[in-house]
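By written order: A, B, C, D and E. Residues from 1 in each chain.
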Amino acid sequence: MGVEARKPPPQIALKVRRALGGKAGWNGVAVQLVFGAILAWMAYEIISNARTNLETQHIAAGFGFLQNSASFDVNQTLISYSASDTYFRVFLVGVLNTLLVSVIGIFFATVIGFVVALCRLSPNWLLSRVGGLYVEAIRNLPLLFQILFWYLAVLAALPSPRQSVSVLGAFFLNNRGVIVPSALGQPGLVPFLAALALGLVASLALRSYAKRALFGQGRVIRIWPYVLILLVGLPLATILAFGPPVTFELPQLKGFNFAGGTRIIPELVALTVGLSTYTAAFIAEIVRAGILSVHKGQMEAGSSLGLSRGATLRLIVVPQAMRVIVPPLTNQYLNLTKNSSLAVAIGYPDLVSVFAGTALSQTGQAIEIIAMTMGVYLLTSLVTSAIMSVYGWRISRSLGA
Amino acid sequence: MSDPIVKISGLNKWYGEFHVLRDIDLDVTKGERIVICGPSGSGKSTLIRCINALEEFQEGEIVVDGIELGPNLKHVDAVRREVGMVFQSFNLFPHLTVLDNCTLAPIWVRNIPKKDAEATAMKFLERVKIPHQANKFPGQMSGGQQQRVAIARALTMNPKVMLFDEPTSALDPEMVKEVLDTMVDLAEEGMTMLVVTHEMGFAKEVANRVVFMDAGQIIEANTPNEFFAAPQHARTKLFLSQILR
Amino acid sequence: MSDPIVKISGLNKWYGEFHVLRDIDLDVTKGERIVICGPSGSGKSTLIRCINALEEFQEGEIVVDGIELGPNLKHVDAVRREVGMVFQSFNLFPHLTVLDNCTLAPIWVRNIPKKDAEATAMKFLERVKIPHQANKFPGQMSGGQQQRVAIARALTMNPKVMLFDEPTSALDPEMVKEVLDTMVDLAEEGMTMLVVTHEMGFAKEVANRVVFMDAGQIIEANTPNEFFAAPQHARTKLFLSQILR
Amino acid sequence: ADAQTLKTIKDRGTLSCGVSQGLPGFSSPDDKGNWTGIDVDVCRAIAAAVFNDPTKVKFVSLSAKDRFTALQSGEIDVLSRNTTWTISRDTSLGANFTGVTYYDGQGFMVKKSLKVNSALELNSASVCVQTGTTTELNLADYFKANNMKYEVIAFGTIDEAVKAYESGRCDVFTDDSSGLYATRLKLTSPADHVVLPEIISKEPLGPMVRHGDDQWFDIVKWTLFAMVTAEELGITQKNVDEMVKSDKPELKRVLGTDGNLGEQLGLTKDWVIRIVKAVGNYGESFDRNVGAGSPLKIARGVNALWTKGGLQYAPPIR
Amino acid sequence: MTDIMASSYVRQDLVAERPAPVKTTGFVGFVRTRLLNSPTNILLTILGLLLIWYIVVPSFKFLLVDAVWSGKDRTACLAENVGHPVGACWPFIQAKSTQLIYGFYPEAERWRVTLTFALGAVLLLPLLIPRLPAKSVNAGLFFFAFPAVAFFLLHGGGITGFGVSWVAGLLQLFADSISGAGAVVVGLSKTSAAGPLLWAIGSVIALIGTLLHWVIFPLTWLRDQMQAAGQGPWLDFLITAVVVSVILFVLGGGARAGLRPLITSLATFAGIAAVIKLMGLDHGGLPIVDTRLWGGLLVTLVIAITGIVASLPIGVALALGRRSTIPLIRIFSITYIEFWRGVPLITVLFFATYMLPLFLPGNFTVDGLVRALIGVSLFTGAYQAENLRGGLAAVPRGQGEAASALGLSWWKTTSLIVLPQALRHVIPAIVNSFISLFKDTSLVSIVALFDLLGSLRASFADPVWTTPSTAFTGFAFVGIIYFIFCFGISRYSLFVEHRLNAHRRN
């Protein structure tokens, strides 16, 4: 009686046309050809101009310069570096310095952002106003302005090394940065670190054990006293047993500067302060929106089931808010990383400053160096957005919408 | 019927300057099913939320199963454990499966082992006739199914009293019935229930008492038969004439 | 009635692997009014959208007023000019006034001077009885009014055939009638119409032929009298029993 | 950037000249944006030679780190920005120096209050420097050679470096010694700072052009030589008109009344006259910008003519 | 009270409303409920008060109480001369204010900047007030006429040709390049293994170039004739006006559609002619002020406004390209967008400022400011594309279908139905990107353009004004300017958003 369902006809010609030209078919192919020709023409123009320009100036293109020695110094390096190292090492130094400032910045931006968001959400009128003031003021001023402010204005306000502000005679603040005692490893260091690691692992194990106990037998275990013992007691015990793990070398004013101790340079401080306070204002808005996006009924449903306020927040509100928060939050992290390139304005040796700045002007290999610099940033953001789309895909699956 | 399990006396509540609940006195005995109705804004939801300590009140007293909720909201947690609540908008947790929705409170509040909690939850999910959906997320279910899960979730805490705040008014007409059926079942098992609803069929079938509220006060309370057949107060008459058309 | 203005033969369509339309043959003569009905998902909307080239199809042929639409959708623009379409969800352009909605296509497709286009549009707006609303925005009108504007908008292009895809199912009950009345007027003026609808009253009153579809096929087609009085096929009977209750 | 620089400039109507962002005596703008300085004079001299109008110059202020990219890319026609002549700059940068406008050497400036008398006492000091300069490289060499530790803080522009030095971020500011004197003038209280006696490097500063256009290279090179030659021959801004009438063979050649040396360069016969009228001879320019007639008051020293025991020596114009 | 336990209860007398026992409204209630309702809240209130105390009071003191209001140089702002700790040094701002606004723009010519600002404001304000009529004319003036006028006002100079010359020049450049490419390929063929093939390809390309030259010959000839005649741009203008008007007239449907398009076109050209005459563009125009002399707020505004105006069409094209089904176009759009969004703006600016000429023909220079503008526009365009993509996705599919069902082509559907709706959806997002663009203009100070922030930094270098409070004063002043602009725009965006939402509701 009825017509049975059949397989569709293959229509290969149509499919090929679609693949080549999209919905527009052959017209699409034609458009593409023209467009491709224009692109090719532009690429040709650019390349041929660059080639003739470079040729007439006898500039050697290529990455050979990376092996030459840089012969300039950098005032903050995470890996050992001296003026006789290569430009490639300068590149690494720059990348690491960029990562350093990004990681620190991201940490503080997140902390400040969440605190400000909580202030804004607080039932306390005054505090929420203060939070709002912070967000509005910070968001409406250029970041470069803020970084320069922190650097120039605050640097000018700080005293010289001889008039340092000293805390307990061990920490010093002056216009050379923050000087803290540096730790020198002692024989007791290894057991101490081992104990610390042990304590950490054990605490984590305890936590999952407690969760299992709750789920398995319905036993509630208060774990914080044990955690305290593990994390504080155990290391203390090793100190008693093996002696102190480190001795501190106190900074001493010697000559012009402090000798001994570790110094955090003011460029790093200004940059991280600027980046993290700026990004924090945006994060605060994201977090606030995320938390407000969780319906009020969810909180009520939680409390009507007898869950405590803390448990409701932890088990119900936060997981739901996180879905809303995480994607834009990642964007802000990316922005912060990109914005760290403003370091060039205050002489912090990040990638743009030492590599696309100093190395470029010493070698003149503009095309190669700028390409490498842009490549680093591009790679970071592409990898991050790839991770984020996987995350987004998993969320939409679990929501089952 | 014996001692009251919920005892409300002299309850007064204000929102700012606005006097929402005025001198409410209401005793609910064990096993009693009370339907509360009244025009919009009359304070029904507010009253029911006061019983569950979701709202503070300024005067009066609510005693639930011997635990006193003064104006200071002492004993809030104890009361909440005795009282289950079902909301108009379900308020299921969208990030948890149906089963996890139902085991969350038993595990974290009553510290019941997960296995046992799941067994109990499945029992109640069977009672609301959706055991096979246990591993779905709320977003994948129809409104009626969601509301039934919400009922099951409240039941897993073994409450002595169940509060319903217009449980069917956010549902498509076809789904109203399945939820009401579940509530009727529950009533037949002897659960003490306070239900805010405009489903008069349900009231007639199930309620021991119908309470009519207006302007924050209890205007009239009566058995369903008498209430519908012979309303006493002018406002009740007006309201019924509108709603029964 | 003379030569067919719409001629569908051997039409087959797939969504991916899913066979939505199966061997559809249907001739519509000039002035004929056809009502298409059938259960949800049976392919009614898909069929009607094929006629307007809003969907592609893989096998068969559709000829509208002598213009052929093969599987490759040749002559799309020519066909669309001959065919007017009214959607379930109106799809009026919210950023344009009612008048602009109606003059847009005449001006930009037929290159008619704005003055003339406006005069024509007003004529059709009068026909659907809302000339005084011409300068309102669609968002400011009721659903019924919006749907009537949508009909007027389609008419301004002087189509030879009008397609309606459940024009009343997104409307509140009070507004269904005003739209149906407009359609009845249109039918009386002799417009060729293909209407997907479940309004059986309309079918009885207006249609020359009722086509019943299920699972992507035309199961039965007959005059309304015979169709409703003596359905032949078992599925038709089942469907009618559900819908006429 | 091909062999047509002169034509391009003539078509455009202005010379595009890269200068510093503000180094008094060499190139610095006043409040109204008028540029002065010895480097600026070189640009004006070229413009005068080409257009007979020293004002047809567009000055592009560049930081040290951007200057070579700007020259390479064709943004500027000539870089006259206290740039040190080195072999690597002549080769790998794709540009050539055309001569030396100023023989300089790198030095250090410190606050008087630090009571430092020699650069060898600078162990563990913080040093502010402008990035992308030979200064930055010499600094590394010097401290390494003398086995001293230091901290370098490199800034994009000289102003930033000076600002940081003044606000106490560094103990030492290093630059070419001429630059140090110039910089000191810009400090709030110049008297509180001293320039240390050590000169740690050779810094011949001069204009630079791109590779690949020998004609343009010659023009820039000989513009500078013309200024030096003019000083040698005693031609000054004031007396140039009279000198034209002289019948000394050398003067006639130089001033174009005899032969067509200027035209061989691609300019006009009277090119030297144009140059001297516009900016004067080398000595006049020196005096006006950095020497006795300027606030800098730098002595001629090695920058005196070779006839006076200095290094300035121009090949003969013939 | 009646016995509630009885199954029947009827309230006889209604309870009257009475005031709450604890006041929760008014100031006292406010303080009680929002500030002091629990111990934690009291603590938080104290914390808030402390914060305010430590931020507001010192700022107030610095900006007003301890400030110095007049003086000639730094000595006026030194604590030892004033006798108390010195706050803001306002005379510094007075001395530098023109530099902060105009940069080095010649004093005699500053009226031109002021006039441009005024013109912009006069055109922009009515555009921002939703109630005022004639939005499209206004927008046309602001987005098309104003930029051109502003260019000639700010930069100066005149025109020697008009449409014909410009088009001819552009086409000739294109044809030259193709011929050049052909020659290069032919040249390659001599050394390459696949010589004959390359030779053939090269010849074909060269031939195309030659053909192009022939095709555009009438145009170039016309241009050369006009230039030889030395008439100024008027003849060219006349020809352009006639040609464009006729094309518009014919495209608009000829006489049937009425004379409106023709009249509009002629009126526009009359306007252009008036401007040319008024500003004397036909004989040189105003004296040229090189962009190197521009600075301060002027540069900030020029970059921000040009950036936003130029980035919109780029964004629209890319957003549509990203939705296109044509593979190459989609891939190109995605690559473009992801590229620009992945790199920091300052590397883009650096690239545009110092490296762009490397990729241009040797004798072809682009002004430094223009290069920054190009960089900023391309960069912002990518962000705008993403904004717009959101807007396009928010337009229901039925809209496009309804339009196609009416017989509108893809282009008309997109430009008449889809885009206008999408744009409405994204106004807030666009305004937000304007704010970030406005802030980001400050980065040009890193590539040696003196915008507001750059001018501020430059002014710090002036030894005449160095005092301990100079930096703070400068930052305070410039910060206030930035804040007023950004905060103002963001409030405006909120207002527009609310208005649009209100519109959607009814």
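The rule we apply is simple: contacts are C-beta pairs under 8 Å (C-beta built on N, C-alpha and C of every residue); 3 or more make two chains touch, one makes a residue touch a chain.
According to UniProt, the chain labels map to these proteins: A, E = Amino acid ABC transporter permease; B, C = ABC transporter ATP-binding protein.
Just so it is clear, the structure is predicted and the values come from calculations on it, not from any experiment.
Following the contact convention of this document, A, E is the list of chains adjacent to both chain C and chain D.
Comparing each chain's Cα centroid with the centroid of every protein Cα atom identifies chain E as the most central. Two chain pairs, C-E and A-C, are compared here, and C-E has more C-beta pairs in contact (counted per touch definition above). Rounded to a multiple of 5, the Cα-based rotation taking chain B onto chain C is 160 degrees. The greatest centre-to-centre gap from chain C, using C-alpha centroids, is found for D. Spacing of chain B relative to chain E, judged by their CA centroids, is 57 angstrom. For the pair chain A and chain B, the distance between mean C-alpha positions equals 49 Å.
Here the CA centre of chain A is 29 Å from the CA centre of chain E. With touch defined as above, residues shared between interfaces to two or more other chains in chain E number as follows: 354-355, 358, 360, 362, 446, 457, 460. Counting only residues that touch two or more partner chains, chain D has 1-2, 66, 69, 72-74, 156, 160, 163.
Taken residue by residue, chain A touches two or more other chains at 52-54, 56, 152, 156, 344-345, 366, whereas all remaining positions touch fewer. Under the contact rule defined at the top, the touching pairs of chains are A-B, A-C, A-D, A-E, B-E, C-E, D-E.
If you check the complex, the residues on chain E that touch chain C are 253, 256-258, 260, 396, 398-399, 401-409, 412, 416-417, 420-421, 424, 503-504, 506. Per the touch definition, chain B reaches chain A in the complex via residues 52-54, 77, 80-81, 83-85, 87, 89, 91-95, 104-105, 107-116, 136-137, 139-140, 153-154, 157.
The part of chain A that touches chain B in the complex is made up of residues 214-220, 295, 297-298, 300-301, 303-308, 311, 315-316, 319-320, 323, 398-401. Interface residues of chain D facing chain A in the complex, by the touch rule stated above, are 1-3, 64-69, 72-74, 91-95, 114, 122-126, 131-132, 136-137, 139-141, 144, 150-156, 160, 163-164, 167-169, 171, 210-213.
For chain A in complex with chain D, the residues that touch the partner chain are 52-60, 65, 71-75, 83, 152, 155-156, 158-160, 175-176, 254-257, 259, 265-267, 344-347, 349, 353-354, 357-358, 360-364, 366.
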